[in-house]
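Consider the two complexes below, in which subunit A is the common component and subunit B and subunit C are the respective partners.
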Partner chain A sequence: MSLEISTEERDRGGAGTPLLEARTLTKHFPLGRGAVVRAVDGVDFQVLKGETLGVVGESGCGKSTTARVVMQLILQDKGEMLFDGEAVGSAALSLKEYRRQAQMVFQDSYASLNPRLTIEDSIAFGPTVHGVPKSGAILRARDLLARVGLDPARFAARYPHELSGGQRQRVNIARALALGPRLVILDEAVSALDKSVEAQVLNLLMDLREEFGLTYIFISHDLNVVRFISDRVMVMYLGEVVEIGPVDELYDDPRHPYTRALLSAMPSMDPDNRTMEAPLAGDPPNPINPPEGCRFHPRCPQAQTVCAKVKPVLTRTGAGARLAACHMEIAGSGHSRALGLEDAA
Partner chain B sequence: MNPASTSTLLVAMENVTVRFRGAQNVHAVNGVSLTLEPGKVLGILGESGSGKSVTLKTLLRLLPESRTDIGGTVIVDGRDVLALGPQELADYRGRATSMIFQDPMLALDPVYTIGEQIAEAIVRHEKISRKAAMQRALELLQLVRIPSPERRLKAYPHEMSGGMRQRAMIALALAARPKLLLADEPTTALDATVQIQILLLLRQLQRDLGMGVIFVTHDIGVAVEVSDRLAVMYAGQIVETGTVRELISDPQHPYTRGLLAANLHGAKKGERLEAIPGAPPALNEPPSSCSFAPRCKHAEDRCRTGLPPAIVLGEGRIVRCTRAEAELAPA
Partner chain C sequence: MSAATTDAIPVAITQPLRSPGYWAGVFKRFKRDKVAVGAGLVVLAIILMAVFADYIAPADPTRSSMLRRLRPIGTPGYPLGADELGRDMLSRLIHGARLSLFMGVVPVFIAFAVGSVIGVSAGFFGGKYNTVTMRTVDIFYAFPSVLLAIALSGALGAGVFNSLLSLTIVFIPPIARIAESVTTQVRSMDYVEAARASGAGPGTIIRVHVLGNVLGPIFVYATSLISVSMILASGLSFLGLGTKPPTPEWGLMLNTLRTAIYVQPWVAALPGAAIFITSISFNLLSDGLRSAMDVKG
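Up next is the complex of A and B:
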């Protein structure tokens, strides 16, 4: 079995169709006694073919739950996903077939591997489940090990505990690629690595993206890394998307006050120009009983009456294809700084 | 060491080595010398296994004595830390030097309230009543700006958010008014918007109380935000020291340069990163040559045969690299 899988062959919807489209994805976790964690609450986004969508936000914003729902490791309460134009879980695209095409790499490289399997067996496991003969799957596992920079002669027969963190994460990446996926979800996949090793793995991810024509969803709390690797970025807060758009536009001119706060919380890297004031006070609230209206309004320096009452919808803003969910970006919303009521400058 | 020059220093570590004994020995710290003036902040920057946390724990004698060999001298506030007896050590800890950790949930006791824990530390070091100690605990919670401090005094650690627990741990560390605060990655587990709050708080407390601080982190951005001077550690040695400005704008050691590039600050999108190849060495033997040489693209024969000299580029500006010597020679 060849490792080369032409993406064109499988490209059913054509270049214009997003590879993944999430529509009002919702996942609530009941806690008992009526309390509900609104982990993901009506999230809409698209991932275009061949792009890397960065996802940022703080603890409890729902970025990992979103990833798990996209991967269908947990099922959504509401909403649907289209993969290359076809509904995931429908007759046209069964869950098993979808999972061949979407794979995930987790943060904890050790917990993600079966400690009792050699790494070549771990990589070959998925393909054998999908009907590839064992010998062919092993050959392919060795080929993949070589592609992620681990010499198969030295590493194939080792167990996870015999590898360093960076090497294990390379194994997890090889395993994710074993089924020839089109979409790879990287959930804090480089966050546990040391900086010098992280740079090696980022280089590897960029090479593989090109070589295999991959599309990435890249989840990270590290805003420098996200800026470096992403084409577009989605910012989440308390289970909702607050802003999404092309990476440079979003970093250079953030439109949502939360995006602004998050970006200005980054260390300055300039000893002559240190950060003098924290952009926000307190911790991110937890997503049990989130605030009415705009969920950010209790911490927002620009909040007005309308923000506490009406939930702002994602609205086109800025120069390009950017969306922000803020009343200041919605003409006639009732916010005094909204476009159309006062000078937008 | 010249006693006249060290008497004004808050911390003077001289050629400190730390070895953990076991089935395989680990030479975690291999000849670290550093100094800290009172009221200054030193950032120690390094990756996992570089020996930065072990160096910090040596200053508080927190390493398991039965399995650890410590060499060299450690002087803090005029005291020979390695020679302290059990009673002196107990007086020293918390009073002269105190420490904050990455995970306050582990550092705080889950079965006592925040107020009880802080008051206990005060009563241990000062002859005052419990009631007065509780009042001081309240003032400390105000000092670290915990909202509604009266209520938080009676709270247990699990009832607080991550940022608030970190503030409570800082209050506990400051309870006996230490001259030296050791900080071991205190903001690593925090969200970005909370991290900057804690960094600004530490910076302000350090200034207001005139404390010396040694701040260990793997994050260059964080180190730049809080430090006056930086020391970069690799394989149990300090490979470069200088002011923050010197290290950021003019890094000399190839490892420091690699770390700065890997931070991605200002990295060009889509371009390959100048990654340092390979991984740090195992430390089962003490180094006999440059520990970084196997990963260094500039390595020469002499890097692999002998220890690199510590080259002094200026006041407190030291680089442990033979190349620094070569670059300076023609000038």
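Up next is the complex of A and C:
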């Protein structure tokens, strides 16, 4: 019963190929009478092998829809995804095979476990779908329970309602790992847990990442947690990526005004350095009818005429591998604070 | 992480303790409900009575006697009196339980099977398929059930089989609607999403994750229809659309005895009382089952 996953063997594209590459992923939900919610609107990003990509943003910015599209639980209207260089859903990588390599942990630990199944049956379900005999799948489930810190002798035959929230979330993590995935999407996976349990589960996730050679997409609204666990961070606003880059660089020197506002909303740990003003006023605009141009311009303190007219594209900025979608970062965009063309050259 | 526990576990050598399952919990809560347990015992008694009617009944339910017509309750040899043809009421009631129960249970059971298939598939697949099936079901649902049963039975002609068929058709729409709404709730649960994410097809997901969570509530609803079915079947017999005399059946007995209501009111009311006791017992039983299954955790 080997659970060791030799990542090398499945690593088709090599270390240089991103594990997941999303290209202009778009998902609109029609509401009838011509109205559409632009939940995810042309999102591009890459997830590198072995990294943790944090995804942050306000409620309703499309984080969870992005996760569900990446998991192919809802299909995108436009755009494509490459998993280790192969298009998802193509002949080279069928949807079923992709789902073996990408798994998801949901926020609601109770709703994500079937109340009628024992937890070992819940964990063993995925492998049996992929042809593992039932007895072998149960053994693997018990082994995984041990790895996530739950004694199989005590827990394997229990039902979800007999477990605490933290224990249930460990079960969900074990269930996600049962198929031996390479990519795990954690959609607010620790948000519903209390702080001490959250820390334990975060440590468990970091250990498992090492042990199984996993890559994470970590979705959260908790900026501190994202900084703790992520290698790179993607900031979303109204269904679009506004900034993406290495975690320390992005947290220390945010380039997009929305990222700045979001980060300044973090509670200050220093009593001498309190946050006195609300960094942003108002609610995010309606994703049914998002603003023209830059979607952030109605709330942006540095907005100018160009921001209301032209949509800024993700542009390389800052020192390293950082992208931001702001006219102030685009040379010659017409924004007074943008670099001139001669500066960029 | 808790390295001590992780390393020390002899995986899969010790068989994990089986914790009491969901149904054990339901049974435990059901046992505490005295009314439901009582109703269950009554239902059980009626079923046993129907099954062993030949051994229990003191007399032949079809043997008539012109001399002993309409005897009151307590007449020697006729503990519950005699009907308008001098037949023993007790024996007729015991034998009548067979057909009455049959007409109560079988249409509901068939409708439970058919309605669940319609409702679960409509709820699970959703979209246009759901719209088409459920609107078709609604057309049948729009008719009052008594009227629909009478119309169908009338069109098909009198007889046990035809009234069985018409009752089944009457009960499919309400069961399908319950099945659809319960399935729609379950379908949106994260564990169904998680099952899809692990690559399972719709058949496997329905079998493993949907049916177990959906059949219980549908079944409870169906048991509450048994009493309705019995009453409707009795009504059909009463109208001459169901059973034919001299077969004992409670609804038919009520019909033929109605002319004797002024002569022997207590005897004439007995088949009605039997219908009442049986249907209220089924209702209380299904109520008890529902509350026993409702409790979470």
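Here, the second predicted complex is superposed on the first by the 339 of 345 C-alpha atoms of A that agree within 3 Å, B and C clash if a C-alpha of one lies under 4 Å from a C-alpha of the other, contacts with A are read in each partner's own complex, and residues count from 1 in each chain.
We take it that a residue touches a chain if its C-beta (ideal position, glycine included) is under 8 Å from a C-beta of that chain, and two chains touch if they have at least 3 such contacts.
This one's a predicted model, so the numbers in the text were calculated from it and none came from an experiment.
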item	value
Contacts of A:E211 with subunit B and subunit C, given as first, second, both or neither	neither
Touching partner for A:D77 - first (subunit B), second (subunit C), both, neither	neither
Which of subunit B and subunit C A:Q200 touches, first, second, both or neither	both
Partner chain in contact with A:D143 - subunit B first, subunit C second, else both or neither	second
Which of subunit B and subunit C A:N224 touches, first, second, both or neither	first
Subunit B versus subunit C as contact partner of A:M104, first or second or both or neither	second
First, second, both or neither for A:D270, with subunit B first and subunit C second	first
Subunit B/subunit C common contact set on subunit A	200, 203
Touching residues (chain side subunit C, partner subunit A) in the complex	1-2, 5-6, 9, 11-12, 14, 16-19, 21-22, 189-191, 193-200, 204, 208-209, 212-213, 296-297
Residues of subunit A defined as touching subunit C within the complex	68, 71, 73, 95-96, 99-100, 102-104, 106, 108, 111-118, 120, 122, 125-126, 129-130, 138-139, 142-143, 146-147, 149, 151-159, 161-162, 172, 175, 178-179, 200, 203-204, 207
Parts of subunit A lying in touch with subunit B, wherever the complex brings them together	58-59, 164, 166, 194-200, 202-203, 206, 221, 223-225, 227-228, 247-248, 261-262, 265-272, 274-284
Parts of subunit B lying in touch with subunit A, wherever the complex brings them together	47-48, 147, 161-164, 191-197, 199-200, 218-222, 224-225, 243-245, 248, 258-259, 261-265, 267, 269-270, 272-277, 279-280, 295
